[in-house]
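Two complexes, one shared chain (chain A), two partners (chain B, chain C).
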Partner chain A sequence: MNRDTPLNFDFVPYWTIPFRFFLTAPLFALIAGMALSVLGGMLLFGSDTALWQSRWFKEVILTLHLVTIGTVTMVMVGALFQVTSVVGGCLLPGGKVVPASVYGCLTLGVMLFSIAMLNDIAWLFAAAACLLVLGLMILAVCGLLAVSRAHRSSPTLMAMRLSLISLLVMIAVGGGLLLMHGYPEIVGFDRRWTDFHLLWGLAGWVGLLIMGVSFQVIPMFHVTPSFNLNFQRWTPVVTFLTLVAASVIDFFYAGGAVSSAAKGLLLACFGVYGIQVWRLLNKRKRKIEDVTVMLWKTAISSLMGFMVIQVVLECGWFGIVNEKAWLLNGVLLVFGVIVSVLGGMLQKIIPFLSYLHMQRFCAGNFEAIKSLPHMRAILQIKHSRYFYRLHLSSLLFLMLMILVPEVTLVAGLSLCLEFSLLFYMTARVAVMVWKAERNSLVVNVP
Partner chain B sequence: MSSISELMTDDHRGCDEIYASAEEAIAEGKFDEGLSLWMNFCARIEQHFTLEEQALFPAFEEVTGMQAGPTLVMRGEHLQMREMFKSITSAIDAKDTDEALGQCESLMIFMQQHNMKEEQVLYPMLNDTLPKEDTVYKISEALVA
Partner chain C sequence: MDGCRVKIIDLDVSDLEPPEPYSLAVQCLATLPDDVVLNMMHRQEPFPLYQTADEMGFLHQTIYPADGVIHIYFWHKSNRAAANQFSK
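Now for the complex of A and B:
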């Protein structure tokens, strides 16, 4: 690094920046839960609704994106604003305007996405596409700028860079897919692009970011040995290159053996990574109960389940080639793997961030710092435990729902409970930080 | 020969291990064992802080002329952690499991952040600026485990 630059260790974004994303994320999952409840209710008590018959049904794409954009991407964006300052010593450029516009575009964009899917309104598809593409493009460009300005390079920053590049690819195709739904006669309707999009979204944007961030946070929060340095250096790069190859081969030779092999290789990258995480977590020095560790293990187990089903599907064994298996696998990957990991990270990031900020409000006054709530008073362990149990129940019911659609109502209600709790937990902490800030203003201003 | 950065980072890990065993004992309600492990941890950490504050930081400040740079921030954080040690000691003394574990968790988070800044930024700078052999000798003298 440049020795003349004064080191500013206190580079932390204003607390409402990450918190607004963390507060909104559970709400979209809650809406997804409500949507499932309504669908389930209609199935049980009403008309002849057919649920979970095909991946192409609108309700699949709708609830899926309430979660992947509204919850998953929302949390990841909030975390990105925070994490670049810790691992790179740099902030995303753009002050308060950038987070506000990314937030606005994302929130409004998902809403329009849902309304457009429900009512099939062409211009709404276009509007949703514009907002989502705009918001996430701003984020990706600012993120890439911040990473390139970092004081030093590290595997985490490298993984972030690759993840942001994947975001750009994913979002470009995603916008195109929305237009495809709105204006099929102009754009055409080619579903090879859907598979292209989902590979870049899941393996690239989400997978690589989780990977990079975990290199830092697993040793830090759980006191485990570090990931092997060569492993950290090479895994994100190899995964990214495999992703490029797999997505292109799959586009041109879908269904062929080469395409299966390439996707298998991509899956293997994450499999090796998952095993590595599991091994490190087993070596952790801190043996006390930790919901985050349990959620990591849930995620890795789901990943293994996903891999088995995927192999069976690709090889066509047991004649299981139907739509149900595809949907079941979607639940395992999105809810079992991704939502578990992010839920676990939130259990650490939220108390950590709030403690950090409340400490700063104390401005070095030791007496004031001592009177701050401790970590277990910020996020109560019993709440985290309930969250974990509800998450497992949601996961089981969602999987069951695909096989037995009558369960949809129960799955939806479980989701509603889980994410109402997460919202309550997050909001409680936000109020705590807000009060601490208000008090500090009263004390510090003469 | 290990570098300055490696030696100091290893010492962080050593402290983490004692910390984890103290925390485990408290979680199991073994307060006497917990307290003795905890005091052991405090002594190890104090040794580490003293080495930094009295030998490494002054040497770094002299070579670079950076009096108000990273070392100032690190000294401030040491002070803050010493205050946190005191509250944790009294919570263990009072056999208040929830209070003790909650405070431990706060310290853990604070300390890991602090270590990360040292390991990723400051120690590499020490490697670049301080005479290696001499400093490594000083460290191994000071850190008797």
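Now for the complex of A and C:
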């Protein structure tokens, strides 16, 4: 059977499009680390600050959103621009204007959000809400258009579609929550929307996108067998339907047995997915040391820990330390699961993308292609190893920080070190690609 | 396919992670004699390689047998025997 697929390299986005998101993402985590260091310093040296007492405290909302929007969403948006072209064979519509607009809105939106949170300035909450909703709305609509125009269908595209729908729900509610923060006397404040927003953001937008992308990147980068086709087809759909049920039931019947059961089912979907990923990673053909695999396994272990704590939380067995357990679980989910997966994916995507673009600059010149650096030289293994160790130490200190707030300063410094390194690693590769492009332009000019 | 009519060199990259298959294939293509065909065995289509191979003066044909391993045949644009055999 012959299936010659026409190749069109116009479908690969210009290299600066994903890289601008990948380069900016570590900076927001770095700011979060600095914020934690300042808070920790204040606690240690004189101030009577009370840290990590409740999920509703400013420091929690601020650092959480610096990481979830500034870092996690930033990486995911960069990856989305790239993956749509690779998996669907088509770019997001709008040329260079769409990525630039999304990037501008996200960056400025997170900065305004942070300033608004620190200073309680109502109109800044509104401005941040407008920018974040606008940027993510453009992304979701363009992403859905691109997925619907895809040249081929695949479970990854279905998961991306469901993830983008979740993003729309998440930003609509998130924008509303920002207005509630800024103008509670006008809009009112209903805390049930916070859990709704969290569920759609973390399980829907982030969870489903990671799931869909992993169907492609795990077999490709780790040379494992493919995910079972029925598993690929049904897991995102079942997860999405469970998410709809869990969020609606939790909104109207929070704290009840039905709500706990629905959220338990949602957790089970991700639990089964995690086990499947672990199983596949153990079937790698070449079992060489790989930081991405270690980060995947850290993520799955954190997910299992999260599930255990969540079950205990739902049963109400934590009693008076309920809020602490909730915060600890938040660290496990956001930093242990999500940041681990994204950090691992970046270790593969950044060198692969840069190699892809650098070989394009060679325009078929064998001598030039031969001189390209190897994947393992583009992103040096020793840097990846340091990143992994720093990530583990950040995770441990962040968890400890919830129980012993005096550790906040150390946790913040660890976070600063980890993401300074990630920024350096990404910037080093970006400079490498930029130089390769500049050299190719010099060679090709008559 | 009649393997007697043209000489074929096999390159199995199905166990390698990207972009090693690409680098190896480019190395093989750079030294491939005019009358020889390169049979690259891979677990997925190497899309970036197609354009590079075209720029290096090669044509290609992709075959999907039932065993799951994809065969991509590359030959010099001047190799008419290979073109007759694979461009069907």
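Just so it is clear, the second predicted complex is superposed on the first by the 433 of 446 C-alpha atoms of A that agree within 3 Å, B and C clash if a C-alpha of one lies under 4 Å from a C-alpha of the other, contacts with A are read in each partner's own complex, and residues count from 1 in each chain.
Keep this in mind: contacts are C-beta pairs under 8 Å (C-beta built on N, C-alpha and C of every residue); 3 or more make two chains touch, one makes a residue touch a chain.
Bear in mind that the values here come from a model prediction, so they are computed numbers and not experimental data.
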Quick one: classify A:Ala377 as touching chain B (first), chain C (second), both or neither.
first
So, does A:Ala363 touch the first partner chain B, the second partner chain C, both, or neither?
second
Of the partners chain B and chain C, which touch A:Val308 in the superposed model: first, second, both, neither?
neither
Touched partner set for A:Tyr355, first chain B, second chain C, both or neither:
both
Check whether A:Arg286 is in contact with chain B, with chain C, with both or with neither, and answer first, second, both or neither.
both
Quick one: is A:Val258 in contact with chain B, with chain C, with both, or with neither? Answer first, second, both or neither.
neither
Contact-wise, after the overlay, does A:Arg152 reach chain B, chain C, both or neither (first, second, both, neither)?
first
Chain A positions touched by chain B in one structure and by chain C in the second
1, 3, 7, 9, 220-221, 223, 285-286, 352, 355-356, 359, 364, 366, 369-370, 372, 374-375
Within their complex, chain A touches chain C through residues 1-5, 7, 9, 219-223, 285-286, 352, 355-356, 359-360, 362-364, 366, 369-370, 372, 374-375
In the complex of these two chains, what residues of chain B are touching chain A?
16-17, 19-21, 23-24, 27, 64, 69-70, 73, 76, 79-80, 83, 87, 98-99, 101-103, 105-106, 108-110, 112-113, 116-117, 120-121, 125
Give the list of chain C residues in touch with chain A in this complex.
15-20, 22-23, 26-27, 29-30, 43-45, 47-48, 50-52, 54-56, 61-65, 88
Enumerate the contact residues on chain A facing chain B in the complex.
1, 3, 6-7, 9-10, 86, 89, 151-152, 154, 216, 220-221, 223, 285-289, 351-352, 355-356, 359, 364, 366, 369-370, 372, 374-377
